[in-house]
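We call the chains A, B, C, D and E, going by the order they appear; numbering starts again at 1 in every chain.
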Amino acid sequence: MKKIFAFSVILGLLFTFVFADTSSFGIYPDKVVIGTFQALSGPYAIIGQGMLKGMKAYFNWINDQGGINGRKIDLLVYDDQLNPALTVTDVKRMVEQDHVFAVVGGLGTPGCLAVMNYLNDNKVPFVYQGSGAPQLSNPPKEFVFPVQPNYDLEGHLIARFLVQNEHKSKIAVMYMNNDIGQQELDGIQKQLADFNMKPYITIAYNPSSADFSSDIIKLMSANPDSLVIAGLITDTIRIVTQIKQYGMNIPIVTIYPNADPAFIKLGGKAVEGVILTGWVPIPTKDNPDFTAKFEQYMKIYQKSYPNEIPSSYAAAGFIAAEVFCHALELAGPDPTRISLVNALDTFDNWNGILAQGITFTPTDREGKTSMYFMKIENGTFVPISGWITLK
Amino acid sequence: MILLSIKGLSVRFKGLIAVNDFSMDIERGNFHSLIGPNGAGKTTVVNALTRVVPSTGTALFEGVDLLKVPAHRIINFGVARTFQNLELFKNLTVMGNLFIGAYHTINYNFFDEAFITKLYKSEQSKILQNIVEISEMLDIKGHLNAPVSSLPYGTQKLVEIGRAVISKPKLLILDEPFAGLNDFESDKLKSEIMRIKSLYNLTILMIEHDMKIVMSISDRITVMNFGEKVAEGSPSEIIQDRKVTEAYLGDRAYSRG
Amino acid sequence: MATEHILEVENLVVKYGPIWAVNGTSFFVDDREIVSILGANGAGKTSTLKALSGLIARDGKITFLSKNISKTDAHKIPYLGLTLCPERRGIFPDMSVEDNLLMGAYTIRKNKKMIRQNTEKVYGLFERLAERRKQLSGTLSGGEQQMLAIGRALMNEPKLLMLDEPSLGLSPKLVDFIFDSLKAINKSGTAILLVEQNAMVATEISNRIYVMQNGRFALSGNAKEIDFQTLKMKYLGG
Amino acid sequence: MKKYLWFTPFVLVPLPFLGYPFLISIFVLIGIYTIAAIGMDILTTWAGQISLGNAAFFAIGAYTSAIMIVNFHIPFLIAFLVSGFLSMLIGILVGLPALRVSGFYLAVVTMAFGIAIQQIIGVFQITGGYNGIRNIPAPSFWIFKASNPIYQYYIVLFIIFLAFVIISRVSFSKSGLALFAMRDSEIAATAFGVNLLKYKLAAFASSAALTGFAGSLYASAIGFISPSQFDLTLSLDLLAIVIVGGAGSVIGVMIGAAFFVGLPFLLSGYNFSITIIQGIALILILLFLPKGLVQAFKIGKVRKKA
Amino acid sequence: MIFQQIIAGIITGALYAIVALGLVIAYKVTGVMNFAYGYMGMISAYIFFTCFSVIGMNYIFAFLISVAFGAFVSYAVERGLLRPVRNISPASMVIITLGLLLLLEGIALQVWGNNYQQIPNLLNGLPLILKFSGGIIVIPQQNLLILGLVTGVIIALILYLNLTFQGKAMRAVAQNEEVSKLMGINSSLMMSISWIISGAIGSLAAVLVAPQTFVYPDMMLSLQIMGFTAAVLGGFESIPGSIIGGISIGVIENLVGTYISTNLKTTFSLAIIVAILLIKPEGLLGSAKARRV
């Protein structure tokens, strides 16, 4: 008898986990609790710390104005060190224990991909991923809203730029041997195939390498007329620096995750003349509208972090916060997860402060599909093209 | 009757000849001592017999050439040994050490252990019984559950002998069993060894430096020097042998003595 | 000075854990003397020498040239003029003969001239070393290694040279040669404390001997007066 | 310590009902690391062999199981068993060098193996390259799907319990004692009939198998695997868990795993580097408690008595 | 291209070689295999960064300070942490130095944060270009500097160990500590000196490689792994062995990367090394006897 009693207690406890209305979890009369995961320690902390600052700056600004529909934004942050095993646990903790309303701005392709289906299955909105993995938007998922352009698309754009604008025909590609590098390469290859071309030489490298001498020697003996480096900041700078050390001088294009002041700071003279793609606009003379918005952004950011120049990761975090807050506002005075999703799906080329041209529909979740090119000149980024889009 | 017959045993280490064409017969039931000055090659002979070092020659033990048997199978033929500087399993208890002594007699396998089969139960209780018996006899029963490294040196020696005896050997090889013991401990060990020998009907080959003990305990003595046999005989023959005196006291000894 | 003990040991005790290797021995060495400690294996001879040279922990009082060295670190003892030529020679196998000798002169390393002189002295004593001065000492024969070890120990002109079983593993002819060399070394003014199993050769060159058994002296006396039969009994029992 | 062992299940079994569901996921992770670390324990503490490459077996187990389940829709239980078995076979292959080299040399050889496996996994299509494999379903047994971490917790706990039972049975039997004997003195073990070849390989095999099982559970519990998760740090962590927790004790290994896996979660909110604590703990434990944290509890007990 | 790859391999290998050399020196004299070796160097690289980029010192001066600091850290670690536990098992030694590794990593994170930091190359001019009938060889100036300094260190060390009294005494301690005491050699001092040398070499390697890797807590990880492998390949006891081991790994890596597979560069190189070890377990120049493990 005792055993049966104990058993039924256990069973009862088990089932309490299964049935509960979850659609408005995280919504309280005075606040909305949301969560994010960022690499705050470990090798990617430079990105995570920056992104978090951008998010916090925007949320602080919103909260100072009384929040959205009277609710302040309460952001829970977990440090997953960009280790997907930790991401999974952290996100489960946010969803199952902290009952966050939504997850906003998680950083890192591995972590984002590891949790996207979990969040979708649990009907928790996942707004903005610090990743350009095409799997996030393709196929579209009801609760997942990617904003950053995806790497495959970027590969297409880079190849088109080099062939059509720069008239290059011997394009070499050095790519990091991981998902990002592979996806960029795929995009480049597909676009070149449309022009009946192929990459002149492709060299994969390990994300952990520091010495690229053998790769550069290969490159030199192939003698291409341009080089695409699909790698993250540190590897890209290493490669560029070593290429210069070897006395090689060809146009180099690299990808948007590198479009950050840190790239110039770490790379110094070696990265002069490197061409990068960008999706977060930078203020220029011929765009006074945006310059005003950018000044507003700087003001908001420096209110939380006085005298600090935001990194491009901060800009990304800022955009993530913008997108979420705007959607929350649209979702009405009593938001639910469903109404947030519906609100996001009404975004049509929406412009916020930094966020420019964000579009979502229930069948197309690629939030941002246009990019531009810029060049490093005298230690600053200088745009060299207008917005380019595939569509 | 001869139990072990060594013929032409040679051991070389990197060009150095440690044992050279060594031959020796051990009679069944004898207490046979192998003596000689430091570095004469006595332990090397034993190491060769137990296949710790590679060697050439033959060592017929009841018709089996030990020098062709892999090291871990030597025990199966009934040859057990102790070591010069104690080779106990220092992180195990006395019980564990004795258990390994009986290792080769155990018939159960891993699955018997995991599922506690009948075979396991019966074998295990048999071994435990053996362990208790031996430990009673050697008067170390009180230490059975003590880590062996916590015991006094003399007791550790007893454990090592117990570990060899529990394997039910026909030939027991003792490598300097009395080294490092005081007179009292030596006397005790001597009587223990004699008791074990008669009780289990053992043949013993002993390497030892303490001549008083060797002379009093041995049936037969082989003397080595420079890797070769220099003399063999009964204790009384050995004590008269000029070569032995030379080996021990130096070559100018005889002229003075 | 000549009559004073250069080395005086009182109540020396050496323990390895629970084992007593040396059990309260007292002895002395006089200037220019050769003293031998004899005994079977495991009697405690080597431990005695190691204790004197500071390699192992010891109790008791050790006085060398009127200086108490019972607590002195091993590497400071050679500076006082007390050098041990260790058991099994302990040469540095990956060094040349010459470098081995040089290591023996470590305590006088500032005095280049003296090193040169002493090296020549050693080469004079052991001509075979001179022939092999550039050879790696690990490739020498057993006898040559023993010569090298003795030569090395002489390099800093010790007042008292301690030798641990110089006859070990050597053929009788070589043993004779080594012991003749020891005699010569002694003649030139170095006192010698010798530990030996090879009792007879040792007795022959010694002034006094001690016979050790189980960490104690069982017998001691003038080498010329020692009774061979008693000695033999101490060795062979019986 | 032994006396209080019976108490452990009463702590571990009701643990999920403390009311912190996310904690269970961490407990599951701790449990999985415990299983892998028991594997390491067998190799180091029992057999005296060093391995700095056990992450490779973890990876092999995880990938085998994930590929079978995701690509070929093979039931979890079969995939689980196969991944342990495959790890075991590869473990035997890795064990072969151990017969030739030992000590630090073995450490370097196994380290090379670990690094190589990680790199090889990154190259092949079937393993998903550096992208890894995603959406690995939770462990399921026929119609029962253990997607709730509570179920996973009990599965893991059950496996640890099994390992514990087998280990406690083996530890004073022929095979366990033979391993210990081999570790303490190869020469004496051989003299008494212990076949070093057999036992070294067996140690590598069982270590690899346990680590492979852990890898399989890991893949299904986390749902996502990629090469970077199985780096040298994982191998070193497994070794450190054994040392910190207490070599030779399942409970100790659990404590070690909690220390290495649980603590980072506890401290993830603070801006303090966890490695400082881990480093100091490792050094202090080695200097003062060479038998690990378990020893600390023992000391406490003795003092109480006295 | 093959010559060019071999030259590049030799330069990479030279860095492996001095890391191996530093490990071997410390190991030969004290018997400690230092798994935290690279991380001790990493701290020196941070010191260099602080002196040069933060305080704004002269390059050479900052260089000397960081190397001296590395030597001191090494001395302190050996004296304070490892000397008291000299006789523990290899497994425990791995763990204790591993603990040190974690600790140093944590300290670096705590003190300098985890942003990548940059140390500039000392030499940034045009590369050295050699043309000959078979092709062209390009060597960047910084690589020439690395090669020059590494060769210098190796020669200096070999001269020190073979020609000076103290160097010989250190070798004596490595061969037989007890007997060297009998010669009057202060073996404890020699052990400290060996670690000081080892620490200085490790710092040198870290500062030289930093412009390439940047300065961050894990900057020395792969160099350390390859250094270990080089030392093992060379026999771990042998100084020429570690140099040959390091350079051959560098060359093997580059050749594998060029002609077999870039992705599996490390795997193939390690496989070759493991194969060599299985055929000759004591390493290329190691001796089968008296392995200190």
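The rule is short, and it goes like this: contacts are C-beta pairs under 8 Å (C-beta built on N, C-alpha and C of every residue); 3 or more make two chains touch, one makes a residue touch a chain.
None of the values given here were measured: they were computed from a predicted structure.
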Overlap of the subunit B and subunit C neighbour lists contains none
Greatest centre-to-centre gap (Cα means) from subunit A is with chain C
Outermost chain relative to subunit E, judged by CA means, is B
Per contact tally, chains sharing the most pairs are D-E
Whole-angstrom distance, CA centroid of subunit D to CA centroid of subunit E, is 32
Whole-angstrom distance, CA centroid of subunit A to CA centroid of subunit E, is 39
Distance in whole angstrom between the CA centres of subunit A and subunit D is 35
For the pair subunit A and subunit B, the C-alpha centroid-to-centroid distance in angstrom is 74
Residues of subunit D that touch two or more other chains sit at 119, 122-123, 273
Multi-chain touching residues of subunit A, meaning two or more other chains, are 41, 177, 206
So the touching chain pairs work out to A-D, A-E, B-C, B-D, C-E, D-E
Interface with subunit A, subunit D side, in the complex: residues 17, 20-23, 25-26, 29, 119, 122-123, 129-132, 134-135, 148-150, 218, 222-224, 226, 228-229, 264-265, 268-269, 271, 273
The answer for subunit E against subunit A in the complex is residues 1, 4-5, 8-9, 11-12, 109, 113-116, 118, 120-121, 124, 126-127, 129, 138, 140-143, 209, 211-214, 216, 218-219, 221-223, 253-254, 257-258, 262-263, 265-266
Subunit E residues touching subunit C in their complex are 165, 168-169, 171-172, 175-176, 178-187
In their shared complex, subunit E is touched by residues of subunit C numbered 53-55, 74-79, 83-84, 86, 90-95, 99, 102-104, 106-107, 109, 152, 156
Contacts from subunit B onto subunit D in the complex sit at residues 50, 52, 71-76, 80-81, 83, 87-92, 96, 99-101, 103-104, 106, 108-110, 113-114, 116, 120, 124, 163, 167
